[in-house]
């Protein structure tokens, strides 16, 4: 949603980003979905792939939202939305849920980001100022999951950058983001720095670099992030 | 085994909570909240409370009522400024309530430590963030960690699905959340349940919270109440 | 079982000690029974008193030994003996069992002792020398239970003392024994030192002091520890 | 959810355990011991093992067989010298096996720490005893404590009562013992069970060990085997 018209025209919609993230998940992965666009990712993962969704309020094997009228007050996800369970699901309390998370048993945490740094630092829980945001499970998930996939618009609505040399917002965790999915790019974080893997159709690597503070490496020409017709 | 911990009403179960108590309050989102015990607390004179719970209240019901009544001196929670936590936010910005915000898993583990006799622990969560400010850090096996201490309550006010009259508890779905760990971390654990059964009805393998962690059980008067936290 | 004939004649049998310990338990207490004489204590606690027995291998509400042929391979106590369960029992794993113990949720641990010191130090897991004994749950129980009731013969078979100023055997925990039950005495440990509460019928406080290294205080004349006819 | 973790035999389930592995071995007394997996280990060439388990073997069966075979370099346990642990004792006195003896609860908590991502913890257990020798101590809130570190395995070999094919486990009675905590503390957890059911048969609330902690499940070939540990 950058203010540059070219970027705006080519930017992926949330559903497109979620679809791309879903495709990136390894089969059989145990995945935690954060609030916002991350919750959409579940819609694009075919059941046969064996991906399991866990929520930090105490469930592994969360299924899709129940039909209206079928909601069970005792079954919700971390976004406080009603859920179903899939065969093989299990439930447990917060202490056990975060033992799993902190202990490295969650393969991938998919989290919304406010800022990401060149080193993969993540800032996603608050903006400077009194009385804003909350930590929730973000710091535990960012520190504990084996990989963190971050999702954000590439720039702020006013054009301000969000992929920075160093985050300016309070950090959630240092050096944890392994893959960043924005509305115009897919960037992987390596010991050698961020590598631009894919750019939105219609844009070039230079377009993405122009709205990114850290130098983005490439490893051959970036692939294309595609948009579906439906929003 | 024959002790009967069942109280006749929510009011009776919470009657002696004193001013200044630290309360561990179970619930997450709209699930597993001891709604009837919270309603009774609203009619109870105890003030100057510290409440440990996941969110700083939502909307106008449940915990938010106690906040409005100015009975709460301090909130210890993992997520303070949800847009629905407007009662808390207003008090906080006016300097009328204190806040300690913790990572959710660190909060759960600090409560567990209180219940499990762990004097302190080193965790990687929160390193390099505001959550670690002023706390001792230490590099263990090449990874930086933060030292965290137990978080105990004077009272735990929790919700379970079912209890037997000796205090064994079971939870349903994601309504367990903070309830089982909070049950372990206060000398007085008061539990609202939907159903009370005789000892032996819950198989030993099905018990989620053993009876020794529970001092009082009450069947919620109105099981349709819904707040959020 | 002291070598002095007078002490030997007046000494309580294990069943007598167990009966006395059982009488000391507060109604409703949560109690852990160690190996040896402590396991006998359960035989003398009437069901109506609400005392609950927990074992560190994961049970609260352990009941008496099953009838022969009724044993269940999956239900044993920490002494590895078959048990039944009482209504209201619960089972759990070692991590949860020791969270309970360490967390101070067990009212009383009843443990055999090799030596006890004037300060209530407990030595009960090994004697000096290679390849003897084992720690088991003793250190956790001694450190974690609200009270420790220790049981031992007052002296060694060769007459050597076991109630000492300082233990000479490797310690299990420091300053934890609150009550000591021997075959000739019941001694309570207070901040002012050990107080002799009861002596075996036929013996005097002086008889007990003569086989005890620390000075034993009295608080009025000690009561009598009685023996039953049956062994 | 559709992953099938069921192995055709105990032999197949343990086939790739390498020399030098640290094995977390479940069981206490005669309950909850993965008897068939131990029998398979006796036919397996892996040597130089470190075994973490409650007792250092009993009698001539189970773990004692591996000790006799000199496959075990080191035992980490809570109770080493039971009179029935004569195989271990003989090797130990001859200097042919190493021993680290721990308080039972500290052992359980160190294994939990490994599974739960706790880098280290302070416990009051063992203060002033041989179990604290050489370890850092610290007085916290007026009480002396010992610093203890995580105890992880390369493999956990455990026993449960029932599994579903995705790896959810339930235990029976006191046969849980070290099994559930050990399941969390190794990247490869191999479970012997008495019965395997389809996913969904075990209700979410009845699962004791969630499937993500389990990599392999096998139905024990001979459910009548009995050793002790």
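For clarity, chains are labelled A, B, C and D in written order, and residue numbers in each chain start from 1.
What we mean here is this: a residue touches a chain if its C-beta (ideal position, glycine included) is under 8 Å from a C-beta of that chain, and two chains touch if they have at least 3 such contacts.
Just so we're clear, the structure is a prediction, and the values are computed from it rather than from any experiment.
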item	value
From chain D, the most remote chain by mean C-alpha position	A
Separation of mean Cα positions, chain C and chain A [Å, integer]	57
Intercentroid distance (Cα basis), chain C paired with chain B, Å	36
Distance between chain centroids, defined by C-alpha means - chain C, chain D (Å)	30
Two or more partner chains touched - positions in chain B	109, 112, 116-118, 123-124, 171-173, 204-205, 208
Junction residues of chain A, two or more chains touched	59, 85, 91-92, 98-99, 101-102, 144
All chain pairs that touch each other	A-B, A-D, B-C, B-D, C-D
Residues of chain B that touch chain D when the two form their complex	109, 113, 116-124, 138, 140-141, 143, 145, 149, 170-173, 204-206, 208
Footprint of chain D on chain A - complex, ascending	28, 30, 47-48, 50, 52, 54, 59-61, 85-92, 98-105, 144
Chain B partner contacts - residues on chain A that touch it in the complex	55-59, 72-78, 80, 83, 85, 91-95, 97-99, 101-102, 126, 130-140, 143-144, 170-174
Chain A contact footprint on chain B (complex, rising order)	28-32, 55, 77-82, 89, 92-93, 101-106, 108-109, 111-112, 123-131, 161, 171-181, 208, 226, 228
Chain B to chain C touching residues, read off their complex	1-3, 112, 114-118, 164, 166, 168, 184, 198-200, 204-205, 207, 210-213
